[in-house]
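What follows is a set of structures to go through.
One chain, subunit A, links the two complexes that follow: it is found with subunit B in the first and with subunit C in the second.
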Partner chain A sequence: MSRVTAPSGPNAAERRRVRVARGPSRPHGGSRASHPAPRPSAGWTPWLYLAPALLVLGGLLVYPVYQLGLISVLEYTQAQVSGGRPTSFRGLDNYTELFSDDQFWQVLLATVGFAAACVVSTLAVGCALAVLLTRVRALPRLALMLAALGAWATPAITGSTVWLFLFDPDFGPVNRLLGLGDHSWTYGRYSAFLLVLLEVVWCSFPFVMVTVYAGIRAVPSEVLEAAALDGASHWRIWRSVLAPMLRPILVVVTVQSVIWDFKVFTQIYVMTGGGGIAGQNLVLNVYAYQKAFASSQYSLGSAIGVVMLLILLAVTLGYLRLLRRQGEEL
Partner chain B sequence: MNLSVRLVGFTALAAALATACAPQTSGTSSSAKDDKSGTLRVWLFQEVDNRPKQQVVDAVLAGFEKAHQDTEVSVEYIPVETRAQRIKAAFNDPKSAPDVIEYGNTDTAGYVRDGGLLDVTREFDAWSEAADTDPTARRSVTVDGRVYGAPYFVGVRALYYRTDVFEELGLAVPTSRAELISTAKRIRAAKPHLYGLAVGGAYTYGALPFLWADGGELAIGEEGSYASALDSPAARKGIKAYTSLFGDDNCPAAKCAGMNGNDTVTAFASGKAAMAIGGDFSHAAVEAGKVRGKYAVVPLPGVKPGSIAPAFAGGNNIGVLKSTSHRTLAVDLMKRLASKKTQGELFDAMGFLPTFTDVRRQAAAKEPFVKPFVDTLAAGTRFVPASPAWAQIDSSLVLPTMFQEIVSGKKDVAAASEDAARKMNDAFGAAG
Partner chain C sequence: MSLVRDVVRRPWRLAAEATALLVAAVVAFPLYWMVLSAVKPAGEIESTDPRPWTSSPSLDSFRRVFGQQEFGRYFVNSLVVAVSVVIASALIAFLAATAVTRFRFRFRTTLLIMFLVAQMVPVEALTIPLFFLMRDVGQLNTLGALILPHIAFSLPFAIWMLRGFVRAVPESLEEAAYLDGASRARFLWQILLPLVLPGLVATSVFSFISAWNDFLFAKSFIISDTSQSTLPLALLVFYKPDEPDWGGVMAASTVMTIPVLVFFVLVQRRLVSGLGGAVKD
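For the complex of A and B:
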């Protein structure tokens, strides 16, 4: 279940980050002396304050990750769990088995490509609609907001089922509208991925839209006016004024989207029936689930989990380092 | 800055936490206790209409409680869809595990390897009724020559067809596989809104008779040393015959590649297919559908005219868990639940085919609809390899993947069957 509940943790944490990050960009008029006094001998006081958070993180993050790593170097299937066979140490054999499996590399490639497409589409749609929000009247804005919040609030499994029904070959309204007869959207590999991508974008653009919209609202109107007076087009204003000023926010939503879309599970599992025709629509998370839980190879599933963890850590840290080198304050 | 990097890092950590669970192991030895009184817990499967089953079971329990002083039995009907998780959990936590369970017969070898089921060979052989158990049913409770339960009922599949469609088009009931395929295509050509024969890429047990009819095998060898035979010429012939049914001239691959057994039966019951391969257990679902009164059932034809394709002998068993602390009582309860009398009553109540040949014969005399299924059983049935690897092969969708690769044109029969055979051999090798 941790898979399902995990996103709410990161989201909450990042939303908090958004607020913190936006602080400095807002002109406070005057007092710049907000730097804290130097702390030469902080001692154990900061740790005392951090203790509750560290305790929770330790219990909920470090320990499970430790277990994940441990299981991935053991032979651990249902027979070991229920005591039919002794648990044995396999070293890196699970990883060797994984890396020598062609299917793993195909799935990894599909996951990276699919996640990249999802991130780009989500950010494009989210940012475009955020800009649109600032330019329409109150009533359409309210309508768009409500529609987005509705999509956001819909549980992934409900959203997936509804989308699947919309595109159903026999009863779906989409085929009837487009006059496609009984065309099956989930049969072809790319059309199935496209269908899932649409659903993923639909349920994750609201977060981007709302966050970016809030960021745009915080941009001083004089700056935008000045740009408009200089004759900048909408696109130019976005590229040269808004995007740079919103950079910290865009970083957060990008990182969040990368993490979110890389580990998409529900949509693929529900919409392609657990990985599509002959496993053509498997992504890493579903693949790990099929290995770990459907066929009870817990250690192999853990190895996939560890690989995913490392990839996500590398992507996130690499991205942050890149920004830091460019001199951006996050 | 540093803190924020770490924070995002932790966020990523949290996000990637997918499959964590503690590597614990429950006790391996069977319980030493053999209490002669107390409460026994039983898990049986929850059927679609469970009431008649419950009445039969309640009568058995009343007799059991009367025969044993100070004993009580509590029965829980567990949903079929979540049985795998429930039974795994029971193996993991002997304290809250039941004493007696109903389980699917393809799971026997896997459960034995998991250390979950009690060896009841001695009691089973000493049981007077066991002599009439049909050999395939007996094989479905046997692993390495030891018996791990009592067969409860058998399930077998046959050919359902629409009598009204056949009459309208002037078709005869197919008696060979070639006729079956040509009939299916003729129906589709005459009535494009119907599938001729509803087939599914994920319908393993509907596809296996095609493979067996050609003399093909899933695996050859003995318990403990199986080798896949999917890539043998005979098996490939059967695979080719089955996959030839996917296409616009019978069952379009775009729709049928993803279907499983239930989907094909649903298609037939809702009037979307002229023929389907369904089990005796599908009878109720078809009766409840649109085609009620407009269909009949015959054994699935084999390759030679007039022959019957070997069917898969599915069904359920009753077993005792190794962790039980009431060994004697639990074994007695198992025998009572799977006795000739109970199986006869269960047939009357639910239509489940008895595993005793004599009881089955009486049942067939009473209910004409089971005749094609009994004939199919009498013609000889097959079973999946009695290896713990089978559970893994089944759950990792090795065969559905093979059929789907072929019907979607990703691979030809030779390449797909070779890949599937390799995956099966990997699983057999890992299971030892």
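For the complex of A and C:
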């Protein structure tokens, strides 16, 4: 516990990078050496190994996605759920209804803005602290690491209640400390979003910090020493040596943060009491939930889900393109 | 990093260390306040003059929490869900990761891209179809309704992360095993599995957390049979919007956080090396 072990991967990673896929569906052409096939022909073995995963994913991920799309083009409310009335096909009417609703656009805008703010803050805090970790001795490093792991380990729901309590207008220490009297943080739209953002950053920066720190540690010290011997400045070392080597890691944590922050549910639901006063703090996820389970408009809820799915799919495709441009082997 | 440390001059290092300690204190403060509020006597919690210490700690709030009907049961339920998800998804992901790293076959790249895409699917958006699916297969109001979807949702990320670990095992080892007459199964379970165990541990952190923390599924799928509830819902019993029992909420939060903390402390070394190893690829 006294020390964080260095990542074990780097050497193997270098070796691996030289290896190249020989499969028929290689993502990109290249002139790298093909590697010899050492073992007996694969046959059905890989599919046997994949069977459980494909079964679970097919039944609990692919099928529900299909169902989501299906429900979003049906008339599906309480009457249909209980079997009182037959389901009828509505085509894109649900989407028309959704897109002509001002609240939907407002929620979409809020979701994007909120997620962007969360991602930027999380990355800034996480990266800054990762660099800080490399500059301090063991004890402060351990302290920060432990605190961060604590925040990371805290379940979203307990984190939400604890932060609410910290900022409670009557009994919370924060208002007391800042001399804000009984100012309510959840009353105003933006201050409520800010409060949720603080909690989200608190519980998600540790992932970024630990990953980036592990990445920095994985950079071979000879490389840094060589750069220093060549007279490179601190800034130069960071810009020309560390940053390029960390790029894959930065991409991963950014994409991961986008995905997580775009689908924040628990924090908004608990901290703003299901979406804030008059729904001022709704994000797409909570909005879909409220439509479906609070007002039984399952079709509209599903349509919102489809919109979310498409947005995240776009992010994923962008990520894949980035990976390919970097020439990563899948 | 020793070099960087040498280059950084002393006052800067002290400033950096002071900053690190300060940040650590700020980050740890909410957790400290949670535990503190859980052991404060009722009068001190709901006081307009909150103090960062207590002179008369009491276990009243914990008594209230454990006195709540079936709280122990909720705890066990949460544990069953999380442990089942961790074990099942680790094994399934291990097999799948082996398939996509140790074999070259048709549709391999397509599958990998699909795993990556699957990782992005917002779990929450699927609550509605999953609700009907669970109803149709008779899993509504059972722990299965929580376990099954979480296995599915933690798989893609687990496979993606485990790839790096499986690949790191030298191919020569595999050849040697076959030359010595080991079967595929023997190689898989007795040689490969122990070698990628650190990766499995790092991966299981994510599946454990997502299952243990789950709030949405528990709220949506366990609707009429409260004996199948999990901790998040038990916690909300104390959190009524108008008249929250803060002592109870904080005590329940503490109880809910401790298992995850323990789990984290147990695996933290492997977690850091695991993330470094996997992400580096």
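To be clear about the criterion, the second predicted complex is superposed on the first by the 251 of 330 C-alpha atoms of A that agree within 3 Å, B and C clash if a C-alpha of one lies under 4 Å from a C-alpha of the other, contacts with A are read in each partner's own complex, and residues count from 1 in each chain.
We take it that contacts are C-beta pairs under 8 Å (C-beta built on N, C-alpha and C of every residue); 3 or more make two chains touch, one makes a residue touch a chain.
What you are looking at is a predicted structure, and each value in this text was computed from that prediction instead of being measured.
Q: Would you sort A:R141 into first (subunit B), second (subunit C), both or neither based on which partner it touches?
A: So A:R141 only meets subunit C here.
Q: For A:Q290, is the partner it touches subunit B (first), subunit C (second), both, or none of the two (neither)?
A: Only subunit B; A:Q290 stays clear of subunit C.
Q: Examine A:A79 and indicate which partner it touches, taking first as subunit B and second as subunit C; both and neither are also allowed.
A: Only subunit B; A:A79 stays clear of subunit C.
Q: Touch test for A:S240: subunit B only (first), subunit C only (second), both, or neither?
A: Touch partners of A:S240: none, neither subunit B nor subunit C.
Q: For A:T96, using the defined touch cut-off, is the partner it touches subunit B, subunit C, both, or neither? Pick first, second, both or neither.
A: neither
Q: Determine, under the contact definition given at the top, whether A:L57 touches first (subunit B), second (subunit C), both, or neither.
A: Both partners.
Q: In the superposed arrangement, does subunit B or subunit C reach more residues of subunit A?
A: C
Q: Considering only the touch criterion stated at the top, classify A:T87 as touching first (subunit B), second (subunit C), both, or neither.
A: first
Q: After lining up the shared chain so the two structures overlap, which partner does A:Y187 touch, if you call subunit B first and subunit C second: first, second, both or neither?
A: The answer is first: A:Y187 touches subunit B but not subunit C.
Q: Now for A:I277: first (subunit B), second (subunit C), both, or neither, which partner does it touch?
A: first
Q: Could you give the residue numbers on subunit A that contact subunit B in one complex and subunit C in the other?
A: Residues 6-7, 9-10, 13, 57, 60-61, 64-65, 67-68, 71, 81, 259, 263, 273, 285, 288-289, 292-293, 298, 301-302, 304-305, 308-309, 312-313, 315-316, 320, 330, which sit in both footprints.
Q: Which of the residues in subunit B end up touching subunit A in this complex?
A: It is residues 1, 4-5, 7-28, 88, 91-92, 110, 112-116, 201, 253-255, 257-258, 388, 391-392, 395-397, 400-401, 404-405, 408, 410 of subunit B that touch subunit A.
Q: Residues of subunit A touching subunit C in their complex?
A: These residues of subunit A touch subunit C: 1, 4-10, 12-13, 16, 21-27, 37-40, 42, 45-47, 49-50, 52-54, 56-57, 59-61, 63-68, 71, 81, 129, 132-137, 140-141, 143-159, 161-163, 165-166, 168, 170-173, 176, 202, 210-211, 213-218, 221, 224-225, 228, 234, 248-249, 252-253, 259, 262-263, 265-266, 269-270, 273, 285, 288-289, 292-293, 298, 301-302, 304-306, 308-309, 312-313, 315-316, 319-320, 330.
Q: Show which residues of subunit A lie in contact with subunit B when the two form their complex.
A: 2-3, 6-7, 9-10, 13-14, 17, 57, 60-61, 64-65, 67-68, 70-71, 74, 76, 78-87, 169, 182-184, 186-187, 255, 259-260, 263, 273, 277-280, 285, 288-298, 301-302, 304-305, 308-309, 312-313, 315-317, 320, 324, 329-330
Q: Please name which positions on subunit C make contact with subunit A in the complex.
A: 1-5, 7-8, 12-13, 16-17, 19-21, 23-25, 27-31, 33-34, 37, 45-50, 52, 91-93, 95-96, 98-100, 102-113, 116-130, 132-133, 148-149, 151-153, 155-156, 159, 164, 167-168, 171, 174-175, 178, 184, 198, 209, 212-213, 215-216, 220, 232, 235-236, 239, 241, 246, 249-250, 252-254, 256-257, 260-261, 263-265, 268-269, 271-273, 275-281
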